[in-house]
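Okay, so chain A shows up in both of these, paired with chain B first and chain C after.
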Partner chain A sequence: MTRKQKKLIAAISVFSVFFGIYPAANAMHIMEGYLPVSYCIAWGVLCLPFLVTGFMKIRRTLNENRRAITLLAMSGAFIFVISSLKIPSVTGSCSHMTGTGFGAILFGPCSVSILGVIVLVFQAILLAHGGLTTLGANTFSMAIAGPFVTYGIYRLCQKCRVNHMVSVFLGAALGDLFTYCVTSVQLSLAYPSEAGGITASTVKFLSVFAPTQIPLAVVEGLLTTAIVICLESFAKSELNLIGYKKEA
Partner chain B sequence: MIIIDKLCYTSGLRYVNTMEKFVFSMLTLLICIISKSITVSVVVLLVTGFLTVGKGGVSLSRYLKFMTIPLVFLFLSTTAILVNISHAPLDAFAIPLGSYYLTGSFYGLLKGARLIFTALAGVSCLYFLSFSTPITDILEVLKRLHVPGLIIELMLLIYRHIFIMLHTASAITNAQHSRLGNKNIRIAKKSFAAMMSAVFILSVKRGGALYNAMEARCYNGRIRVLSEERPAKYSEILFIAGFELFLVYCSRR
Partner chain C sequence: METKNKKIVIALIITSILIAVIPLFALKGAAFGGSDDAGSVMVEKIHGEYTPWFAPVLETMLDGELPGEVESLIFCIQTGIGTGILAFCLGRMYERKKLSKEEEAL
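Coming up: the complex of A and B.
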């Protein structure tokens, strides 16, 4: 086992050296045309219950308060913008945040699922990140799994009276990591390894993407925390408007 | 700011019937990923490339540059599919590493090659759509596909907000850069966070103002936009039908 670990570390370090000179590292969108049709459909169907719940929730909010539509639109655009801007990162290569974890902390995971789908469609069409056939799989990993984990951890930390900023950091970073794990599992389900099946293939995908995704998760956590600090000190009233409450 | 959005408005295919473009790219995409055949993918790559570059007027160098965007993902995940770590060597290649082998099979290599071609052809289909059709037109198509009005409304507003925000963000980033806001990593992170939160606050304010403006113009939950009627031409429909049939024929062989 230790030998295997050593090999894994060697492989990872080779890749990270390689990535030091690589131009761009995107968040893990599965590219257009990469998944077989059956998987595209299956992941899409799996997303449906979440999307319907999100849709109902948004419609209820809007029936109560019409004004919320511009706020929702604004939050969707904010998720898009935060994920399309280059962030300062360690290696000097440029990378992007997912932004959905941040959205989940501010707006709650249900509305983020709907906003997430819309953002993913725009990312596919306008930025060529992800694709239309892989929309279902990407939605599941980025707009559903990630935000729900982020929100869960965030609330759990608050319940356990962990420092507020620490809980934001943990939520965002672990949510990002979870997105990356889910994507790896999705890929390995579609392309199981010839030697070792799905488990081996999951390990392969995880280790191949680790050098870009693990630093990215940490950076995402740090930046989300920093943004939340800024917002809480300057934008109390706006935050109350969107229903974000800091539970002390 | 978003190059694709700029290019699609000046595309030579901008005024072709939107439904035609949508159906063409989606059908081609589906045939590509269902057939997974290299011939089909090469044909699709050539045809959509010709349509986007030749008819659409996107410069070739720019098109090729866009084709490299997904390459990192393609390279990494295909490596992960091709290379296995196991005790027993497979038939194509095997690099011994202690008691294990980094190994792959001919079947795996073939599968990988197919996957690369299919994925690239898929991307070229997506590019055909996004380089020729503005988002507002795509929203028209979605409306005809009976996507709920609320979602379309949200999409339209989000699309509008994206550009306002990107504009604000780039102005703030410029201001920060001119004041050495990206001197080192620590400061760069701090400025990024400050910039994003400023963008957030400004957009919440703008969102409120936008709603007031819309309500002053009798907004009742629907934004009605005039859409130009651009009838489909028979020659184009024939071309699309012929091309798809040809692809199905290719994939059968």
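Coming up: the complex of A and C.
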């Protein structure tokens, strides 16, 4: 990253933190129109630094290496597939997975945020699933918070010398689950319950999302592991190019 | 691909399918609505009646909700795009590995 880029990101971060805090003074995919305007803007602005960093990271990766584009396309495609599959769960309702864990493991969490936004915009405009006004909040939960957890857990497991496949699985599954925890928190920040405030409200929303999401998180973990195994067998050279390393 | 890895991948995919399908049979008669909708129901429980302040762009243009069949069409397109790219890239890589092996053998 050049110095100019660093400065730009720092400036945007300060700007977003300032804006992010301001509305807090008064106050899985979230549905269109279900968040008050101030929250929509706050979450949107909060996403900006991550998106800009992600954009620059992707550009740098591609400049260094045109061939990395195959893997980038595959991570995006993986999100497309996985997030379009609505899967029935034990609670008797359907939900879908995020698919962002795979890209996070390969390219790091910031780059994935760009891929995630593409999918979210697609769903918001064409499917009325999620929404344009809640795009910021949804981006933050699915394309930023989730991937960061995935990446963190994956790295931690690698450090602790956990089996490689297990760490991919854990990272993807927990990242998926965390996405829905963030969604619950976002909803409860906007709708604190009368008795108990934000915490009680979070618990209520979690009780809606979490039980449905747990089996799906497991599925996401399994599928991510499967595709990582495939890539390791067929795309060793590309994986080496983007600096993805098998455990030492 | 090594045989061991092949087996793992197949096992992983079968397990995923099982996890997805079992609830369908275990909970007969459940509605299987979206959990996003369950979320908006919960908003109304906590907040009292709530009217979303912004309708999805497409619904405004159509003056109503997207028909269910068309919605599934668009979801299929999304899956299709993703699967297409994934399969194309994996196929290319698979073939490339096979070719390079053949070259070594020659």
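The rule is short, and it goes like this: the second predicted complex is superposed on the first by the 181 of 248 C-alpha atoms of A that agree within 3 Å, B and C clash if a C-alpha of one lies under 4 Å from a C-alpha of the other, contacts with A are read in each partner's own complex, and residues count from 1 in each chain.
Definition applied: a contact is a pair of C-beta atoms (placed from the backbone, for glycine too) under 8 Å apart; a residue touches a chain by one contact, two chains touch by 3 or more.
Keep in mind that what you see is a predicted model, and the values were worked out from it rather than measured.
Enquirer: Per the contact definition in the header, classify A:78: touching chain B only (first), chain C only (second), both, or neither.
Expert: In the superposition, A:78 contacts both chain B and chain C.
Enquirer: Look at A:165 in the shared chain and tell me whether it touches chain B only, chain C only, both, or neither; answer first, second, both or neither.
Expert: second
Enquirer: Which partner does A:205 contact after superposing on A: first (chain B), second (chain C), both, neither?
Expert: both
Enquirer: Which partner chains sit in contact with A:124 here, chain B, chain C, both or neither? Use first/second/both/neither.
Expert: The answer is both, since A:124 touches chain B and chain C.
Enquirer: Considering only touches as defined above, state whether A:3 meets chain B (first), chain C (second), both or neither.
Expert: It touches chain B, and chain C stays clear.
Enquirer: Under the stated touch criterion, which partner chain does A:148 make contact with: chain B (first), chain C (second), both, or neither?
Expert: neither
Enquirer: Contacts for A:67 in the overlay, against chain B (first) and chain C (second): which applies, first, second, both or neither?
Expert: After superposition on chain A, A:67 lies in contact with chain B alone.
Enquirer: So, A:218: does it touch chain B (first), chain C (second), both, or neither?
Expert: second
Enquirer: Of the two partner chains, chain B (first) and chain C (second), which one does A:58 touch, if any: first, second, both, or neither?
Expert: Touch partner of A:58: chain B, not chain C.
Enquirer: From the superposed pair, tell me which chain A residues show up as contacts to chain B and also as contacts to chain C.
Expert: Common to the two interfaces on chain A: residues 28-34, 36-37, 70, 73-74, 76-78, 80-82, 84-85, 87-88, 90, 119, 122, 124-129, 131-133, 187, 191, 193-194, 201, 204-205, 208-209, 219, 222-223, 226-227, 229-231, 234-235, 238.
Enquirer: Quick one: in the complex, what on chain A touches chain B?
Expert: Residues in contact with chain B: 3-4, 7, 22-26, 28-37, 40, 55, 58-59, 62, 66-67, 69-74, 76-78, 80-82, 84-85, 87-88, 90, 114-115, 118-119, 121-122, 124-129, 131-133, 187, 191, 193-196, 200-201, 204-205, 208-209, 219, 222-223, 226-227, 229-231, 234-235, 238, 241-242.
Enquirer: Using the touch rule from the top, collect the residues of chain C that touch chain A in their complex.
Expert: Residues in contact with chain A: 1-2, 5, 8-9, 12-13, 15-16, 19-21, 23-24, 26-27, 30-40, 42-43, 45-47, 50, 52-59, 65-66, 71, 74-76, 78-79, 81-86, 89-90, 92-94, 96-97.
Enquirer: So in the complex, which bits of chain A are touching chain C?
Expert: 28-34, 36-37, 70, 73-74, 76-95, 119, 122-133, 165, 183, 187, 191, 193-194, 201, 204-205, 208-209, 212-213, 215, 218-219, 222-223, 225-227, 229-235, 238
Enquirer: What residues on chain B touch chain A, complex-wise?
Expert: So the residues of chain B touching chain A come out as 2, 4-5, 26, 29-30, 32-34, 36, 66, 69-70, 72-74, 76-77, 79-81, 83-86, 88, 90, 97-98, 100, 103-105, 107-108, 115, 118-123, 125-127, 129-130, 135, 138, 148, 150-151, 153-155, 157-162, 164-166, 169, 182, 185, 188-190, 192-194, 196-201, 203-208, 210-211, 214, 221.
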